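One structure is given below, encoded as C-alpha cells.
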Amino acid sequence: MRALATGLALLALWQAVVSLSGAPPYILPGPAAVLRALAENRGMLARNGLATLAEILLGLGLGLLIGLAAGLATALSTQVERLLRPLLVLSQAVPVFALAPILTLWLGYGMGSKVAVVVLITFFPVASALHDGLRATPEAALDLARLARAPRWRTLVWLRLPHALPHLAAALRIAAVYAPIGAVIGEWVGSSAGLGHLMLLANARMKTDLMFAALAVLAAMTLGLRAATDRGLRRLGL
Amino acid sequence: MRALATGLALLALWQAVVSLSGAPPYILPGPAAVLRALAENRGMLARNGLATLAEILLGLGLGLLIGLAAGLATALSTQVERLLRPLLVLSQAVPVFALAPILTLWLGYGMGSKVAVVVLITFFPVASALHDGLRATPEAALDLARLARAPRWRTLVWLRLPHALPHLAAALRIAAVYAPIGAVIGEWVGSSAGLGHLMLLANARMKTDLMFAALAVLAAMTLGLRAATDRGLRRLGL
Amino acid sequence: EPLTVVLDWFVNPDHGPIIVAERQGWFAEAGLEVEIVAPADPADPPKMAASGQADLAVTYQPQLYLQHAEGLPLKRVGTLVESPLYCVMAKADGPVQGLADLKGRKVGFSVAGIEEALLHTMLRTNGVEPAEVEFVNVNFALTPALASGQADAVAGAFRNFELHQIAAAGSEGRCFLPEENGVPSYEELIYVANPDRMDREKVVAFLKVTERAAGFIADHPEEAWEIFRGWSAEVDDDLNAAAWGDTLPHFAAHPMALDADRYAAFGRYMAEVGLIPAAPEVAEVAMDLSAPAD
Amino acid sequence: MAFGIEGSATLAGRPLFRDLDLQLAPGWTCLLGPSGAGKSTILRLLAGLPTAARFEGRISAPPRIAWMAQQDLLQERANLLGNVLIGQRLSGAPLDEGRARALLAAVGLEGLEARRPASLSGGQRQRVALARALMEEAPLALLDEPFSALDPATRRRMQDLACARLAGTAVLMVTHDPLEALRLGDRVWLLEEGRLRPVSLPDGPVPRPLPALAAEAEALMARLAA
Amino acid sequence: MAFGIEGSATLAGRPLFRDLDLQLAPGWTCLLGPSGAGKSTILRLLAGLPTAARFEGRISAPPRIAWMAQQDLLQERANLLGNVLIGQRLSGAPLDEGRARALLAAVGLEGLEARRPASLSGGQRQRVALARALMEEAPLALLDEPFSALDPATRRRMQDLACARLAGTAVLMVTHDPLEALRLGDRVWLLEEGRLRPVSLPDGPVPRPLPALAAEAEALMARLAA
C-alpha cells in the first residue's frame, strides 16, 4: 500500500518536472512514454534486468566480505591501517574507464569484471564504517579487555564488534544503494547484456524512453534492495 | 615523512603489479613512464587539476550542506522521511550518462553540471549517516527532552545532534573520498577542462601514460583531501 | 579455440557483414568459431588485440596511427567500412550554413581523440582558426546537445545515424564531410591484429567469410536486414532500420584488399597536422593478407 | 496542590504492583523497597515517560517536573554548565546561567563549569545531575536514589541543599538508605510485593538529626561529616 | 602474597595524593573518602588501567584481578549470561557456563539469564556486575562501591556472598557507607586531602553484625532485612 502511494507520488513528481522544465522528450520523457516503453520492451528489460541483478547480488556479497575483511584488518592493526588505508582510498579515486582494460585483461569479458566494479563500489563504505565503528568502542568497555589481557581479536569479537554493529548496519544500507549503480557502471567495461548495456545502447540511439524504462527497472531494483536490507537489519534489531 | 614512505610504498607496489601481471604499458604503464609523463605535462596537469579541484571543493561544500539538510529533514519528521527517502535512494540509482543531457540543459556546460555531480555523489552518505545517527540517540537521553516537552528541533540541536556527531564525521570522511571521482565523472557530462576531460582525451588517444599521470594527480588530490578532512575532524575531537 | 573479435562499440549496422555471417552460420561452415565482444569504450578494443585478449579488433583508420605511435603492436589486416562516416553536423535551418559560420560558436564533440586530425583541418580549410571555436566534450549526447540548442554543431556524428536521429528529435540536420573539407579520404572501420600473435589462416578465413557476407548484403539488402535484426531485440529498431540503407554502400566489398597509397597518404597527413611525430611506412601499420605470406 | 498515582501495573503479564495509591503532598515522600520492586517504574509513570510496564489507573502530575534518574543522564559532549542548562535549552526557557553557576557551586563543583562529564568522579557526576534537577523550578520533583554515590558528609550537605531548594515542592525520592529516609521523609513508604506499606517516623521537622548509632559508627560518622 | 601501591599522583599538575602506602593483604581492605578524593583512581592504578592522573611510585598487583567498577560496564548487546561470561571469553579461559548460571542465581537473578541489561532495574544491573566480578577467580579483587544501588536486605546478602566467595582473596573495596566498612573491613582507611588515615574497628571476624542503631532505624532495618 505505502509502496504504491510512494510510486504514484514519484510519478506525479516526475510529470511535474517534465511539464515545468519544458525538457524535450528526447532528453526527459514523461512517465506515460516511459510506461509505454516499459510495456513494449518488457521481455528485453526482464532479460537484461536479471543479468544485472545477478551481478548486483554477487558483487554486493563479495563487497561485504571484502569490506568486512578490510575494516577488520585496518582496525586491528595500526600498521596494517597505515599500509592499507591509502590503497582503500585510492581504490575510490579511479574512474572505471581507466580500469576497464585492466579488468578485462585480468577477468575477461564475462561477469567477472562487472562484479569487480560492484565490489569496488560497495566494499569501501563497509570497510570505512566498520573501521570507524570498531575504533569508537567506549574506553570503559575496553577496560574489561585490558583486565583480561585479551588479545586483539578477542577484544574485537566480544567488545568492539557488538559496539560497531549500528555503524555497520548504516554502511550496509548505503552499500545496498550503491550496488545497482556499480553493476551498471561495470557494464561499461564491456558487456552484451544488462541494464547498463541497454541504457548505453538506448542512449546512443536516442531511444530516451527505452533508456528511462531501463532506468525505472534499475530504480525499482535499488529501492527493492534497499527495502530488503532495511527489513533484514531491522529484524536483527539494527 | 610518513606520507613520503607511503608514497614510495605505493610506487613499489605499483611496479610490482606491473611486473608480476605482465600487463603491457599501453594498458598499465609502470611508475617510471608515468612520472615522466607527469614531468612532461606538468603545466597541462596543473591547469586541469586546478579546474577539477575547484569543482571538488565547491561540490563537496554544497553536498555537505544538502546532505545535512536532507539528513535533518528525514530525521525530524517521519512524513518527510517517507516522502524524501525514496527520492534520495533513487538519486543514487541514476547513472550520470543518463543524467548528462538534463544536467547540461539546466546547468550548461560550465562548472555547474560538474559541481552538481559532486553534490549528487557526496550528499548521500552525509544524509544517510546523519539520519541514522540522529535516530540512534539513546532513549535515556531523550527522556530529558520528553520531560522538558521540547519541540523536535530543540531535541535535535541539544540532544540528537551531539550524539550523531561521530556518525557524521565518518560520513564526511567518506564524502571527502568520493568528491574527486564525482568531479571526474561530472566532466564526462560535458567539459572542456579538468582532469576527467584530460583522462578521456588521453584514453582516446592511447596516451595511457598521460592518462595515468592525470590519475596520479587525482589520486594525490583524493589522499590530500582525505588527510585534511581527517585532521580537521580529529582537531574537533571526532 | 574461438576467434575473438572485439567490435568498436555495441552491435549496430556498421557491423553488418560480421553479424550476418554469424547469423547465417557461415563462420561455422568455414570451420571457425567466432566470439563477438561488444565494448562500451572504442579505445579498449585495440588494447585487447595488442595484449592478446582478442584476435581481432575493430577500430578507426586515423586511430591506427595514434596506436602505432604509442607503441601498440598492431597492424590493419582488413577493412569493414571503407569510406569515412564521420561528419560535423549542424541544424539545417540553423545559423551554421557552412563551416565558416562556426567562428565564435560552440562545437560539441564525442571523445574520439581525433578532433585535431579532422575537425581542425576542416575548420582551417574554411578559414576558421580552431582557437576561434569553443570545443565542448559532450561525450554521450551529440544529438541532444545539437537538438536542444546547447551546441551549434557537433563533431563526430556518423552520417548514417545521427541524421536520422536528429530527424527523430524533430529537426533536420546537415552534415559537413571531412573528405570535402581538406581531409584525405580514409577507412572508417578497419580490423587490426597483433601480427606476432595472429593466427594468419584463421584471420584470412574470417575475412573471406565477411567478404561473402558483404556481397550478400549488397545483393539482398532487405533480406540481409531481416537477418541482421534477428541478432537481438536490442538492435531491432527503427533507427537501425533507417541507418541500414545508408550504411550498405560503405561496406568494403573486398575486406582484405589494402589500398597502400591511401594508408601512406593519411599517414603523411597525420604527421603534417602534428598528431604523430612522423609518417610510418605502410608496412609498419598495415598488411595485405591476400598477398602471399613472406 | 497534590499529585499522585493510583492503579495497577503489569510487566510481561505479571503484576508489578496492584491497587497502588500514592499521593504526593508538598514535602518529602520517600520510597523504599527491594531491588526490582518497581520504584523507578513508579517514578517514570509519574513523569509520563515510557516504561516496559502496562499501567492502568490514574496519574496526576504537573506539566513541569524536576527529574533525577537513577543514571545521571549527563551529555558527554556538553560541559558541566551545558549539562545543568540543558533543561532550559530543551524547554526554550530563557537561560539563567547565573543560577546554573550558583547551583554548580552549591553542589561543590565551582570552577569545573567548563569540564566534560567524562573527567568527573562518580560522586561528582551525581552532583551535576542533582544541580540539573534543581535548575527546574517545578511543583513536583522526582528523585531516584539521588545521593547514592556520595560520602556521608557530602551526602548530608546535598540533602540539606535539596531540602532548602525544594521547600514547598512535592518531592518523591527513591532511596535505599533507611537513615536517609528517616532523616528526610515527611512520609515514608515501603514498596513490597506490589503493595505500599507505611513506615512510622520519628517526630520533628525535616531534615532531622541522624538517629544515634553504635559508638564506633557514631565516631566514624562524625569524622566523615567533619 | 601481598599487593599494594606506594607513591604519589598528580592530576593536571596538582597533587591528588602524596606518599601513599596502601598494602593489600588477604582479607577486606575498605577505602572511604570524600567524593573526588581519588579512590577510583587508586583502584584503576592498581588494575593497571589508564587514568588521567600521573603516578610515580611502585604498584604490585597480580596478573589476574577481579574488577567491579563504579559504572556497571554491562554490554547492552549481550544477555546477562553473556555479560557474566565476558571475562572468560576475553581471556580465552574455558567457558564455565554452569558457574555463571550459579552466580546469577546467587545474586538473585535466576531465570533472567537471557534478558538484556536494558530491561533491568538499577540494582539488578549492579548485581550482574557483581556476578561478573565474582566469576574471575583472582588473588586480588578491586570493588568500587559494589553495593551502592542495593536495598539493605539485598545489600547484606550480597555482602555475605562476596565475603564467602572472596575468602582468602585480597579485596580492596571503595564504599561510602560507614556501616558497610565497619561490617566488612579487616582494615579501613580514610583517604582525605591526599593522605591515608587508618580507622579503628570493632573486634570480631568479618562479616560483623551491624552496630546498634537508634530504635526507629533498628526497627526499619530489621523490617527491610526480613
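So that you can tell them apart, the chains are marked A, B, C, D and E in the order they are listed, and the count of residues begins at 1 in each.
To be clear about the criterion, a contact is a pair of C-beta atoms (placed from the backbone, for glycine too) under 8 Å apart; a residue touches a chain by one contact, two chains touch by 3 or more.
In this text the structure is predicted, and so the values were computed from the model without any measurement.
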item: Chains in simultaneous contact with subunit A and subunit B; value: C
item: Set of chains whose contacts include both subunit E and subunit B; value: A, D
item: A-E against B-C, pair bridged by the larger set of C-beta contacts; value: B-C
item: Farthest chain (mean CA position) relative to subunit D; value: C
item: Centre-to-centre distance between subunit D and subunit B (centres being mean Cα positions), rounded to whole Å; value: 50
item: Centre-of-Cα separation between subunit E and subunit C, whole angstrom; value: 84
item: Cα-centroid distance, subunit A relative to subunit C, in whole angstrom; value: 35
item: Residues of subunit B whose C-beta touches two or more other chains; value: 23, 27, 97, 101, 105, 200, 203
item: Of all residues in subunit E, the ones touching two or more other chains; value: 71
item: Sequence positions of subunit C contacting 2 or more other chains; value: 41, 47, 51, 140-141, 144, 148
item: Chains grouped in pairs wherever the two touch, ordered by label; value: A-B, A-C, A-E, B-C, B-D, D-E
item: Subunit A residues touching subunit B - in the complex, by the definition given at the top; value: 2, 6, 9-10, 13, 21, 23, 27-28, 82-83, 86-87, 89-90, 92-95, 97-98, 101-102, 105-106, 124-125, 128-129, 132-133, 136, 166-167, 169-170, 173-174, 177-178, 180-181, 184-185, 196, 199-200, 203, 211-212, 215, 218-219, 221-223, 226
item: Of all residues in subunit B, those that touch subunit C in their complex; value: 23-27, 97, 100-101, 104-105, 108-109, 187-192, 197, 200-201, 203-208
item: Subunit B contact footprint on subunit D (complex, rising order); value: 47-50, 63, 65, 67, 69, 71, 73, 75, 77-78, 86-87, 89-92
item: Interfacial residue positions of subunit E with respect to subunit D in the complex; value: 32-36, 39-40, 52, 70-71, 108, 119-124, 127, 144-145, 148-155, 176-179, 181-182, 190, 199-202, 211-217, 220-221, 223-224
item: Touch list for subunit B against partner subunit D, complex; value: 139-141, 143-151, 154-155, 157-159, 162-163, 165
